[in-house]
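One chain, chain A, appears in both complexes that follow, with chain B as partner in the first and chain C in the second.
Presenting the complex of A and B:
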């Protein structure tokens, strides 16, 4: 299915526009699903549409959406990054620890350190994956354990509590600008930047080419190793940034911070229409996938349905989303075949 | 999905160091399994250097008791990964099975009927995975992330926030005492029994060759008359029912069950299978390798626990072993490639 929806594989002008409209429809579909869930819940419980409630919807989805941006870059190249949850935990704790002993450290430096920690781990992921040509699932699974272990060494049973983190830093977690949480603004800027880059830059289009057909991409002169390395580097850096935001949001951190995020991120990305075997999908879709999953979670709470239903509904929705993708790609393949008889190999 | 996997397989990826089979007898010693034996001996030496009582039979009972459920789940997962698929829902199925058992038992069912029902749920859950992967044609990594959330979610609906206790002590004692007259835990004995069966099936039957063939080339396997889809469905069913069985064992061992039993264990199980030398792309691996991996991880965890190393820090060991297990077999190839490149540039 990856090959079919990849723009690079479309032979002529006409199918491209049709493909594009379908891809766009995908994000539109998720946005409509979000509005539907939101509308139905609001009918049931008017408090759901209050400003504070909407702010919570955005804040709750922000970290997974941010991680989803990096994960999309990686998955589009037919790789996966399972280490993001551990990176969030490690970078958050390191920044918290720094603030504990250097309370007057500039807030910006906290973010820089967090991103640097993430970038370093992302570089290791990318280096091992591309140079040793080892499957990224195994490399990043190993890094999930190693990074969490290093975190355990540094944390050593302690907890950073809100008292040791400067107010100016935690403000990022709760302040709003014109009613929009800073957290959501930061993530939106990242999503918009990455979304623009993924559409417009040649190097980012290469990522789709690599994911559609790695061998063909290399033969076409795409520096696949360098591109995949960069994707992992960005994924790691964004996970580091997410760690800093995690600390700002929760104002405390122990050894378990970010545990289990990796599969939540992959779930959001897949719901957002990114093909798990690479070659297609958008950053915006991934972010919307995160918002949809979080909106459903909070809608259950607002509808006074037991929160115990969250997991089952999220899982069922994920299955529906990938089944829908499959159906869609089969349909596109069929319509392309009838339109372009010569390109049956699509 | 089936058409996507073969292109994911780099030709260089292999766990056996020697590929060309130019038959010098000592070359057999270079197999990954031989390396695992050396690592296991190293782990035992390390353990006994830290504690004189490490090689005490009682210690082996504890290792068996701690590793039992994870080890049992690793066996069907080995077969699934051999075919190039993956099952990430194993730990959630373990949790769901325990939850079903606890729910029915607390509603007055006999313990035997409750356990039988848990196994039936395992069959059904495995069938859902298998049908979605083989019949609908969805990627198993996405499907089983979905059912990971779904199964855990159903467990949550059934049981949260309760903890069910009061299971008959005649049954719960088998989780915490060795088989009479030995120092072997029941779950360890069951694991070894199942491992022998899995080893015979995989390495000495036509079905086992079929699994290898599917993993190496699904389409070629299909054309040579192997019923690829039917085999995959039954493998997922097997995985479901064996994980349900592991859930029963865990419930009896703990003498209590809540919905979140075994959360996050899926990645431990995957890590052990991959460390055992099973290729994530399918087609390569041995049951003996997985058994050795279980023994190594169990021995190291026991040694580190006795040294009072925190569980989080112990993760480093699993992660490093996993990383080494994929980098070393590919390392020679990578160094040759880099040297060639340097020569070309010179």
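Presenting the complex of A and C:
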């Protein structure tokens, strides 16, 4: 057996791996951005660094971060789930309605029902996307309206008020452990679990493969349909869980609960470094993206800047994030090309 | 097969056939692979090589015929089954996951697991490094696949095949996108694989590569097996003859040309990295064919002439007037028309009606008060539909309802409506059934008789020989031969296209 070296591999190696390390540092960059926004705002308004204020920062980001976990799973496979906001609203109302008429229902059952509602809708999303091969953008957009419509029928103009919901349930929304809100702890556990799973299991690596190159995924024998279905199922279930947490947090719910969450989630996920065309990104990045957007939001309030700027800044960040990704991939493509050209001249 | 080898073959494909509707893609696919041997599969474009590969890959099921692996008959119901049987395919276009690491690309779906079914990354990277060492190459298993050169991507594909303990490696034109240095490295790797007892099936259209790296050669033509022979027993001559050896059995309606003044004059046209120093002329009343293998730069030359791609240097003159660089509109206004190879993507708007498609390139002329008048569109389209004998049910139907041949007529009509002096036509009859082919050829001939200058790109030797007044053969971006109709035959064209000079072959 002859041993030969690979001169062709060497020139492409360096620039790409440097860019790659930039990519890897994405989570770090967002964390730094959060600290920067937090620090600057605190200089301006010291109340921003109070425990209660920080608790509010965490609580405010928790639901979007939780939805971001499911959304990341879906977007990594080159799909999107726009139905999560409606699922939050429907599951929250159904649980609230149950508590209203069965006040002694166990608290755990409230969570189970919410997750089941979300899972059922997620299953429909996944089924239509993978079996009927309808683009998920269309499927989940339709589901956004359908679920909201069903929600409207069930709600029928009523509101669930705090008196109908057991204290033990709403406690989840306001209790803290060593000063950390339960809500944030629950979401952190989900993010950590999902983040670990996304790195460490074959089936979750399949998700990245499917989004990275769908044709190659088929050739590699990945059961793409089943995996994508599971991603939607999990996204729906987490949205159901988010619905229960929404109810626990606000202790009341009407027909508008969760409206517009889907876009906030997609924004957070993309700002968090999950490629909108699939294949890369982490759950942790998505969660940090949610924290960053929420921190900016509250920083504006604390700095007494008009809340109207909030949307504009979120949008601006989104553009920067996407432009950055695009720029990165162009850089990689160009460095590859010039390296190839150099070989040809040899 | 007359063979005295002691080792039994690892894979035998016997008389496999495959049809797609009315099209016979494979009439007789037969091949026998022995362990420790590299086997070249040669044939022209459309000879059925790719179909044969896809049957081995389990992508297609054969309609009839037998496939034996290790002497046992097998049927594959998918790519997975083929791989499980020890057959690994390396496609021309590597199928990697750009966002995942090199090691993960190799072991996708089979990553080494540690405690609790978790992926053991360290073990995975170690295993990848081990395979690279077996291949004698250096690649960092933990880097992402994005940005790897095509050659390195192929190495990753080969490593993947090895990780399956493949006994049979099929490489579909692996050298098409490689530089000379990289081809050399690939051959080293193939030698290493053979030494380890693998059977390698090497599909190529570069005959010299068969001689450089293979022990046995099989030649296919028109979807059928022609012959298999040990490489020492054949010459380049034999192979070329077997690849193209057929008569001009189809009649081409070719009127003897009476070339007039020069319409297109291309001088020293160059596009860095694609083609170099291309000079030729096309006269009024003649068809000049650009022949050559896929990837020789034929389409690219046409695109640069038309101004779709920018040229690095050189001049293009149409009827004495120089065309500006990279401006298709200027070329159109100078009287150049381009019928692209891919009708459905580039030649037509499939969802638009027949008359709208015909009128598409003449909208400026159809305008009145700045608006397009449907009646004028319809009128123009009707004129050309009659002249081109278009077969359609209603003008308002979308072009997607037409057959391939009639779609091509719509594209032709669109351009002819502009009354061009030069027609560039890329693969005029690709995907068109035999009956309509002759009709398109007749049409081209009558246009030329009427004084049109035609630059035709074709991969079909018969079409080139039957239609062209002159044949310019490109090889690797350069003109390899400029033949008159009398000089051009299957041998001379194939020789120039594959880079075999008559002296070297003799």
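Rule of thumb we're sticking to: the second predicted complex is superposed on the first by the 307 of 346 C-alpha atoms of A that agree within 3 Å, B and C clash if a C-alpha of one lies under 4 Å from a C-alpha of the other, contacts with A are read in each partner's own complex, and residues count from 1 in each chain.
Going forward, a residue touches a chain if its C-beta (ideal position, glycine included) is under 8 Å from a C-beta of that chain, and two chains touch if they have at least 3 such contacts.
Keep in mind the model is a prediction, meaning the values are calculated, not measured.
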Partner chain in contact with A:151 - chain B first, chain C second, else both or neither: first
First (chain B), second (chain C), both or neither touched by A:139: first
First, second, both or neither for A:222, with chain B first and chain C second: second
First, second, both or neither for A:159, with chain B first and chain C second: neither
Chain B versus chain C as contact partner of A:213, first or second or both or neither: both
First, second, both or neither for A:280, with chain B first and chain C second: second
Partner chain in contact with A:200 - chain B first, chain C second, else both or neither: second
Residues of chain A that lie at the interface with chain B and also at the interface with chain C: 1-2, 213, 215
Chain C-touching residues of chain A, taken from the complex the two chains share: 1-9, 12-13, 16-17, 20, 199-202, 205-206, 208-209, 211-213, 215-222, 275, 279-280, 329, 332-333, 335-336, 339-341, 343-344, 346
In the complex, chain B residues that touch chain A: 1, 4, 7-8, 10, 12-13, 88, 132, 136-139, 141-143, 145-154, 156-157, 160-161, 259, 263-264, 267, 270-271, 274, 280-281, 310-320, 322-323, 326-327, 330-331, 333-334, 338
Complex interface listing, chain C residues touching chain A: 78-80, 83, 95-100, 104, 108-111, 113, 117-119, 134, 136-140, 143-144, 146-152, 155, 179, 181-182, 185, 188, 191-192, 195-196, 273
Residues on chain A engaged by chain B in the complex (per definition of touch): 1-2, 78, 80, 82, 128, 131-135, 137-139, 141-153, 155-157, 213-215, 255, 259-260, 263, 266-267, 270, 276-277, 306, 308-316, 318-319, 322-323, 326
